[in-house]
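The structure is given below, and queries will be raised subsequently.
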Amino acid sequence: MLRAVIKVGIVGGTGYTGAELLRILVRHPHAQVVMLTSRQEAGRRADQLFPQLRGHCALAFEPPDVTRLCACDAVFFATPHGTAMQMAPALVDAGVRVIDLSADFRFADPAVFKRWYGLDHACPQLLAEAVYGLPEVNRARIRTARVVGNPGCYPTAVQLGYLPLLEAGLVDCDTLIADCKSGVSGAGREAKLGSMFSEVADSLKAYGVGGHRHWPEIVQGLTRMAGSAIGLSFVPHLVPMVRGIHATLYARLHRPGAADLQALFERRYASEPFVDVLASGDHPETRGVRGSNVCRIAVHVAPDGRTVIVLSVIDNLVKGASGQAVQNFNLMFGLDETLGLVSPPLSP
Amino acid sequence: MLRAVIKVGIVGGTGYTGAELLRILVRHPHAQVVMLTSRQEAGRRADQLFPQLRGHCALAFEPPDVTRLCACDAVFFATPHGTAMQMAPALVDAGVRVIDLSADFRFADPAVFKRWYGLDHACPQLLAEAVYGLPEVNRARIRTARVVGNPGCYPTAVQLGYLPLLEAGLVDCDTLIADCKSGVSGAGREAKLGSMFSEVADSLKAYGVGGHRHWPEIVQGLTRMAGSAIGLSFVPHLVPMVRGIHATLYARLHRPGAADLQALFERRYASEPFVDVLASGDHPETRGVRGSNVCRIAVHVAPDGRTVIVLSVIDNLVKGASGQAVQNFNLMFGLDETLGLVSPPLSP
Amino acid sequence: MLRAVIKVGIVGGTGYTGAELLRILVRHPHAQVVMLTSRQEAGRRADQLFPQLRGHCALAFEPPDVTRLCACDAVFFATPHGTAMQMAPALVDAGVRVIDLSADFRFADPAVFKRWYGLDHACPQLLAEAVYGLPEVNRARIRTARVVGNPGCYPTAVQLGYLPLLEAGLVDCDTLIADCKSGVSGAGREAKLGSMFSEVADSLKAYGVGGHRHWPEIVQGLTRMAGSAIGLSFVPHLVPMVRGIHATLYARLHRPGAADLQALFERRYASEPFVDVLASGDHPETRGVRGSNVCRIAVHVAPDGRTVIVLSVIDNLVKGASGQAVQNFNLMFGLDETLGLVSPPLSP
Amino acid sequence: MLRAVIKVGIVGGTGYTGAELLRILVRHPHAQVVMLTSRQEAGRRADQLFPQLRGHCALAFEPPDVTRLCACDAVFFATPHGTAMQMAPALVDAGVRVIDLSADFRFADPAVFKRWYGLDHACPQLLAEAVYGLPEVNRARIRTARVVGNPGCYPTAVQLGYLPLLEAGLVDCDTLIADCKSGVSGAGREAKLGSMFSEVADSLKAYGVGGHRHWPEIVQGLTRMAGSAIGLSFVPHLVPMVRGIHATLYARLHRPGAADLQALFERRYASEPFVDVLASGDHPETRGVRGSNVCRIAVHVAPDGRTVIVLSVIDNLVKGASGQAVQNFNLMFGLDETLGLVSPPLSP
């Protein structure tokens, strides 16, 4: 059998999501990373920055160059927001499929993007056709998308946790509460005081209670699921662990006791390769999905019988970023959706 | 000036709360620990179990003996539930003041105690006069109490966070949500799989969603504050840190925008030595109170304007256990409430 | 091409090395785990103990039964010492290849085994033919071995670090110092006070300075390499991390400056798939090999010019246990030595 | 009794050693911090940077001004090297006692300072009279010193561990090996990639094997103790914990078995308030001295009978920096050496 090779470029591969893309793609049977770009690290080999890649990746970073990137079949953007929307139009014109891990292609409404990210959108037309890359919701559209806006980490955990409830119309959409906890890698690989070991170890804090950029992204997604307006309180917390997001989701049942929630969740996700519904009464741990693309969910009803509590965990760098990006890549190229994503989690 | 010496006994001092009582009391200007008991470690010096006490405490554990304990002025119980209620009546009869860190004297209703702890109460009469040891609520009664039921760790953080709102009647008491995160020391010093480093490090999970013993204690306290029935969802989470509790508390305002919540909290706690209200918009960190008796609180209103979000942090071993016990001890013996509790937190 | 399936049994798969064997073998292209045994957990599915295996392993534990195990082609022992030597003879007689991760088959001299492990050896004849499973030293003999004694974690890191120096006869064998640091998973999955999160987090200590069971194993290995008596000080330390061993190895050069040590190490390990020699001046990190079978080594000369300092890191559960066991399995069955062991490390 | 108040200034109090000085001094019965300086944070209150100081310190940072600092009785420098030597002469001229936590006044030989720190010394005359602030060695001279060069963290742990052996002339001074492990706070509070949580958590590495600035400081100290040349290999390691240094020290005995090392250490440190010698066979933990000024030491002889192994632990921010600085301050002002330094360690 002839094995197709899909040429892949990664723009901005010096952060944790870039390194994670490499970790996954170097073992992908059909993808071949042919180009890594970084203005800052141009000339340096990726395995010098990331010794875990020694023996797995011989590529060096080169300065970003759209013309050269056009030789790829697919380009991943693992850049801060604002970069992908500058380069994507030329790539798409050249027939390159684009998967953007930043926020540039996540919002249907460029005004929302501007309000939360402070930039005018550089290509609103391309934004209009971009598909939000949550396969459990948009699988069909992702297959044919030219540009995929890969979801944020919190939004992935929260949306997958609420999805069955909202689709089924079982809960009050006006009083949703998402209390979320994230490992420190979610803050990226930039040196900053707030991410230093001595600042976050042996401690926990909430942050961004007054407003976090993932809030509008979650609200957009939940609104589509519910088909109605969403009232959501979202509080992220910083946890002294490297990877992992735990979303604890609260909602009020319209009719307590009316629906078998366990069955609802199991049915909704029965054929999803990367959503794992635990048995009734269980509690997922973030380490149980470390290094894997799985979102693991448990659904509970509080003793009052009226409040649903959903526990949803992911690895923020995998299902919350690079793994989901590869899942989207697989869909876009007609491959088995799980290629490159089948290794068991690493635990302990 | 003559310095009064109050003779103190500690029953069951081999756990973390016992060690923490010693850490605090060995520097207390008026207390002198004269007796430490432990059936299991009898004969062993406390500083062999707890090397941090070397040079600070020369006592050895002895088997628990009520008669000998009656020579103390005050006895702290740092035992699992079920022990204090057996020994307290004889001590009280002998004029010894009792401060129980277990659950034995926390519940007004022995039936609630039995439902959640599985034991018939051994001295319901003494229970009836016992005072719940939350000084911010019961200061006057604690001063004269013969028996104080020292609050649990989660209940302390949650009650202090909700207190101003409930007293002022500003929120819907039927839809309260307390999403709480605790360090591992809260699970005690017993060897068990679920507390092992390799099981909890670099991970986070919820537990006890179906029912946790601190739920009825919190509900009892909030009910008294509100003067009406309480509907509370309480979800505890295990965090890879040693000390610290972070309670993230949600409530629905009856009349959004009607009250200045920041002023309300500042006023309510203005004269409290161990409650510190942060400025509007701040986020407390658990490490900021590590080793101290402070409960630090920030109050936020969600962007929807209707949901109050209170962030409340304590050190579970200090304000959540042994520090609060010493605060109660100070009150009971007419001392300055802060004696022994004035060292700054240890951070980083 | 017909893909051969090798039937594998795992005895005692309830610890961390057992779980790690499963993690590796469920993705191995030629091995099929057909039997898991555990007296204590008989009847329970492996993925209930280890949720990371959900979707990857549907096996349940069964009580150990030599007769049933004889249907396997290979049996791994992930048991405490004393078990494998009881069951191995019958298995070997039945033609089953045995890979023992415990200490039962590591020592050539049963008297040494008895001195350090307190047991008479149950099958000294089988011990006599067993091969010490360090492929970088014994590859040829491992291929044909019926029983392999898989090395301990510290011994693997230390031996690979000293190997080129001792083989080349460059250092004083009488004054070797191995200062080693290990993550907590090395202490196993049994609940014990010394492995609890609140006991080891945010702390470091040496242990076993007076004598540790890995000392005679290391000495045996180094003696064979050097062909002369070894004087070794070995001090292990417990580090607040889950996985990883860092061996810092000191030796005195016979003739300072005479040899190019960097070239020596690179040459010695040029064709080793799982030993990675860093460039001169580099420092390996344990996280750089997390989850992988690589031993990463850097060689330094102290400023005095006479002291060699070798830094050698492994993942104690992989190259220090289960990964090396699979490497040995591959060799024993004539497979590519790297099968099942090629995924990049997980970092951060 | 009249309580003397000693006015204290802290230059550069925005790092961890500055915060730690404040933590200690705000509770010191005779010191009063009257001035905090920082160019960068001028105008900001210290308790905004360090919330743990809320309620303990109302000072704000001001720009450094030698004239204003001259109103202090004592000035601590918690600055990077190069600052104290610029300001100290004027302060000393004004009668201010100076305690420098940087390296400026640690080296007798300005050429050594220049070689390792890259700067010409700004005041070699003052350097000539400065006293190295290790009280266990230089107590008498510290009492009268005008300038004290406070030791580095590694140097404190290493020198106190070797001191009895070298003074007694029992070991070969040419083959000393100090394998040291430090928590991340030792790297300071500056944002840098290598100190980020996701870079150091769950990992361990050696660094600076080719040369570390604490090496010449240690060698200078050991040389004085031994009265002869020192050959020392020093390898520092970065450990995923916040505070703590563990020095594992190796030395060859001249005459194995000739001396009772346990008695030697106990005798040498019998009257030292901050050196605690453990019983024979014990292993100190870094957490056992967390937050305290104690150096805890255990002395072992390796099974070969010829190698002494000393385990020496300190809190790098206390005995390794700010606590030792306050100990020196107490000595310089004729106070009880332990003032402000008597709280028990915080553990767990």
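Each chain gets a letter, A, B, C and D, in the order it is written, and its residues are counted from 1.
Basically, a residue touches a chain if its C-beta (ideal position, glycine included) is under 8 Å from a C-beta of that chain, and two chains touch if they have at least 3 such contacts.
In UniProt terms the chains read A, B, C, D = N-acetyl-gamma-glutamyl-phosphate reductase.
Model, not experiment: these values are computed from the prediction.
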item: Interface with more contacting C-beta pairs, comparing A-D to A-C; value: A-C
item: Longest centre-to-centre distance from chain C, chain (CA-based); value: B
item: Rounded Å distance between chain C and chain D, as computed from the means of their C-alpha atoms; value: 39
item: Chain centre separation (chain A, chain D; CA means) in Å; value: 46
item: Inter-centroid spacing, chain C versus chain A (mean Cα positions, whole Å); value: 36
item: Multi-chain contact sites of chain D, meaning residues that touch two or more partners; value: 16, 183, 185, 198-199, 201-202, 240-243, 284-285, 287-288, 290, 348
item: Residues on chain D engaged by chain A in the complex (per definition of touch); value: 16, 183-185, 189, 191-193, 195-202, 240-242
item: For the chain D and chain B complex, residues of the former touching the latter; value: 16, 19, 23, 26-27, 50-56, 185, 201-202, 242-243, 276, 284-285, 287-292, 294, 296, 342-348
item: Chain B residues touching chain A - in the complex, by the definition given at the top; value: 175, 177, 179, 181, 183, 198-199, 201-207, 209-211, 215, 231, 233, 235, 237, 239-244, 246, 248, 250, 252, 281, 283-288, 290, 300, 302-304, 306-307, 309, 311, 313, 348
